[in-house]
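Here come two complexes built around subunit A, the first alongside subunit B, the second alongside subunit C.
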Partner chain A sequence: MTRPSPGWRDPDRAGSLRLAALFFRVGAQNELQYRLNFVVQLLQSILGVAAGLVGLAVVFAHTNNLGGWSRPQLLVVMGIFLMMNGITQAFIQPSMNLLIADIQKGTLDFPLTKPVDAQVLVSVRSVDIWQAADSLIGLIIVIVGLVQQDVAVHLVDIVSFVLLMLMGTVTIYCFWLMLASTAFWLIKTDEMQELFQGLYRTGQYPVGIYPGWLRYGITFVVPLAFAITVPAEALTGRLEHLALVGAAGLTLALLVISRLLWRKGLQRYGGASS
Partner chain B sequence: MIERPAVRVQSLRKAFDVPVRQPGLKASIGALFKRETREVVAVDELNFEVGAGEVVGFLGPNGAGKTTSLKMLAGLLHPTSGTAEVLGFTPWQRQPAYLRKMALIMGNRNQLQWDLPVLDSFELVRSIYRLPRQQFTDTRDEMIALLELGALVDKPVRNLSLGERMKAEIAGALLHLPAVLFLDEPTIGLDITMQKRIRTFVAEYNRKQGATVLLTSHYMADVQALCKRVIVIDHGTVLFDGGLQRLADEFGSTKTIVARLDVADGEKLDTYGRSATNRGDGTWSIQVTRSEVAEVTGRLLAEQAVVDLTIEDPPIEDVIERVFSRGSTPA
Partner chain C sequence: MITAEPASGPIAETEPGRFREFRTNALWLWRYYTQFMRLAIITQFQYRAANYFYMIGMIAEPVVYLVVWSTIARTNGGSVGGFTPGTFAAYYIVWTLVRNINIVFTPFGWEQRIKDGELSGLLLQPIHPIHRDLAFFAGWKVIVIILWLPIAAALTLIFHPSLSPTVWQCVVFFLALWGAYLIRSMFLWALGLISLWTTRVSAIFQAYFMAELLLSGRLVPLTLMPKWARSLAGVLPFQSTFGFPITALTGPITDAQLWHGLLTQLWWIVVGGLIVKLMWRRGIRRFASVGG
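This part shows the complex of A and B:
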């Protein structure tokens, strides 16, 4: 029996980004009609930020320094945490939730009958653009933090930051894809979103402040460190070149591993109905 | 030149491993360590060919293996053994060149983007299949006209009624002008008018594009209107493969003689055939076996004042039912 040809040999592979861009654009355009959603989402984001700021205020009522991070620098971490959260909720999570539902119901048929890489198709099917409000507020908080800290930020830092944010996005995407792919084997995966959110919340603080075992957990098991703390390091003058290389390596590794897991799951997928 | 069949299926078999769970807590805990599975054969030794441009009805009771077969032909499932070839491709290799020429439509499923207006969804289809703009626009507009979608295309899919959505689904699935079409219950749950509209459209598409169509439906009207040939399967194997008329001849053991008599409440005709029912107004319908047709007709004409007389095949549903009952209890 022949196995499906691996996607990276497909001639249409080059069109993946084009396809993703189009799906996101059409989805976003459509959602832009519902402006009230934006207001609601913005209010929600602001509430979330307020809660976060209260947390920070409590911490700094007792100390001026948390694991070597000053108050404005922790603001930067929190801002990046929010930015990533917005990106995840707007562009990654909606499609992944759809994917999980499709696998569970045995309705993951149509993306597989299209002449494009199925992974691309299932990853771009849905957007929830207003969730990106978090990213906007996050960016503002990052800027506030940067202005307040007494470390100069150079162009190279910003470039590193942008690169690391991109890699962080890919990292989280891969993590989500692996999480969703477990649905091929597990039956009850309803709590995926809560599980992810729970883990993600630990990213609100730099990984360095957590005790050893937890630190390794959120660095390597759930690579949140690379998605949030490392970009923050770039903006607060503590990024080591090695970390940049490490983040790139990890991103690549995750891309490959998540794709393998996805393909393994696809092979298993038999369609729940007869 | 002999044309190559569009679909060729040989000894196709698909078995699923289904976990078996014994009742009781002890057994459940045991199953954690040693999982017992039972093999369920959905498709077994399936053999058939479909010529290019043919419309074939795929019939069978629920669980007969129709959908599993279609899913294998559409490349979604790997068979346990056997081969299939569609347009020269092995479907489950899912080569883009094959997927570009194939469409799968399932009546109870939705493949358009739920939240997007129909037109936007079509646009995404265009980019997935990389259709040239002009060709896409022409096809799209033609489908919109044929299926009377004009007033609907600006609405999000979720706001459409079931029938409207199905029309939009079909248009969306055919924008790339596939050469082979797998339709799984395309008219399920639709009202008669909508069923008719979709039937006409599929026939039209088959005629214009010369597309090969494999169709499953529980509505015999679909099958009668579209398919000259039917493949009846049950328990995953072919029970009958041939023309609809032959199916009726072979398996329809009875015929119905409808006779209208001169006198409105004439004598009872119970003595003719196996059973006779008065439809009122002097019209009787008499069930006879095939071999009795000539004799009973002759007697009727000789002994009764018959004004009008027709001989009808039994409804196709009844015929199919007989095929199944014969398939499960070998004669």
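This part shows the complex of A and C:
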């Protein structure tokens, strides 16, 4: 059976995934040459976590629950916050920063001329594997929190948790792609990383404690609620089944919106030679 | 004595001549500063959107703390450690101004300065390069404060801070802001200079910033920290760059504490200046040896 349109115009998704995997592997192998960086990164992650734990200890020196969340349950939230942070910094942010730099310098021409979907290519070009140290420590903290809390965790909770984490990763990716795409209009956007990291901090605590407008903002404008709080709800016996549907809906919506914004931005791109 | 003539020959070495030289130098330094500040204002004004992105990202941090501590105050029946949601709001809104003022040249920037050879250019100037950074960032603050005003207004409308400083507190606050600026400039400069000795500085920086976060009043007013942390903070410079300026305006604070705070700032400015001077002198020697 022959295809009506050439493959490079309409890339098959399996090919895109293979490409992404290949890029991740090459990126990881490149970084794996610098073992000492892992030690440094791990040290940094541990320092960050230590500060976070002290902060949490100060909070619980003055109260025994925060908006209905006990101390072990807030540990779960913090652990998931760190896991997502590691995933973002290792797999999403490096490519997005590269994309912003390329738009600024006009060197986006190179990925655009490759015979694959440009969005896939710009999203997988760079990996900073050692940053995933945060995810490792985050996972340990999640487990510590789970052991300490007095709520039983069932298999179905873990399955929902994994699903929600996957969808959360996609929503954060979409949000980052939208941020990076604004570079087509604004050009100087070095501060995007600061903006994202600042907003990301709000995910350190369950969204329920924020006042209404802010809760709305970090649920739908910056999709942190579905990436951090909702997975934590799955592990602390608070998840409503509707939230799973909501997460799926939001993920799909963001995939479409970010794709549209990226396309629209691409039309504005002038390139290096014009 | 014949000393009326201006600097020429050995006469220039006498007192009035030296004074004149000092006056010319001071005037020259003043011009240097005002020029660089103007340059910073013009440059940064072009990047309003970028400056705003940066600021919004920054504002999220105190908002998180504020929401957490207001929640705790409310669960505890209205106040915790003497703070109500209103005074927490005052603390963290003033925090945003203090933070904006004490953002200075990042220690992470030194790696690039060294790698790109920018440092070589700085070495050629007839003046210590910290003046350039001090002047540039001070000028930037003008833009920052203008951009901060609407954010402060919005935060005030949302969180209803209770703030009633005296005139004297306002005066001390103004001085303390610039004290904090100078202290943080010096210490972060010194921290950045470590890059001249080793390239694996990120973990050192991280350790510094974590200590600052916990022991400065940035994370939480120091009065809410355990006693050991407070005593530790007492002998470190961090408090002078966050907790003191904020509390100077929000209170509760006595006149004696205000004076003590200002003098402590002065002490850390001197200490910071000496550290920078010493490290710079040793560091550039190393840098020259690497480059040449």
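Basically, the second predicted complex is superposed on the first by the 260 of 274 C-alpha atoms of A that agree within 3 Å, B and C clash if a C-alpha of one lies under 4 Å from a C-alpha of the other, contacts with A are read in each partner's own complex, and residues count from 1 in each chain.
FYI, contacts are C-beta pairs under 8 Å (C-beta built on N, C-alpha and C of every residue); 3 or more make two chains touch, one makes a residue touch a chain.
Given the structure is predicted, the values throughout are model-derived calculations rather than measurements.
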Partner chain(s) touched by A:D109 [first = subunit B, second = subunit C, both, neither]: first
Contacts of A:L121 with subunit B and subunit C, given as first, second, both or neither: first
Partner chain in contact with A:A28 - subunit B first, subunit C second, else both or neither: neither
Contacts of A:L244 with subunit B and subunit C, given as first, second, both or neither: neither
Which superposed partner A:L186 touches (first subunit B, second subunit C, both, neither): second
First (subunit B), second (subunit C), both or neither touched by A:L136: neither
Contacts of A:A20 with subunit B and subunit C, given as first, second, both or neither: neither
Contacting residues of subunit C [partner subunit A, same complex]: 47, 49-51, 53-54, 56-61, 63-64, 67-68, 71-72, 75-76, 80-81, 158, 200, 202-203, 206-207, 210, 213-214, 219-220, 224-226
Touching residues (chain side subunit A, partner subunit B) in the complex: 1-5, 10-12, 15, 18-19, 22-23, 26-27, 29-31, 107, 109-110, 112-116, 121, 125-126, 267, 270-271, 273-274
Complex contacts: residues of subunit B adjacent to subunit A: 16, 42, 63, 65, 67-68, 71, 74-79, 90, 92-97, 99-100, 102-104, 106, 109, 111, 113, 115-117, 120, 123-124, 127-130, 156
Subunit C-touching residues of subunit A, taken from the complex the two chains share: 36, 40, 43-44, 47-48, 50-51, 54-55, 58-59, 61-63, 65-67, 186, 188-192, 194-199, 201-202, 204-205, 209-211, 213-214
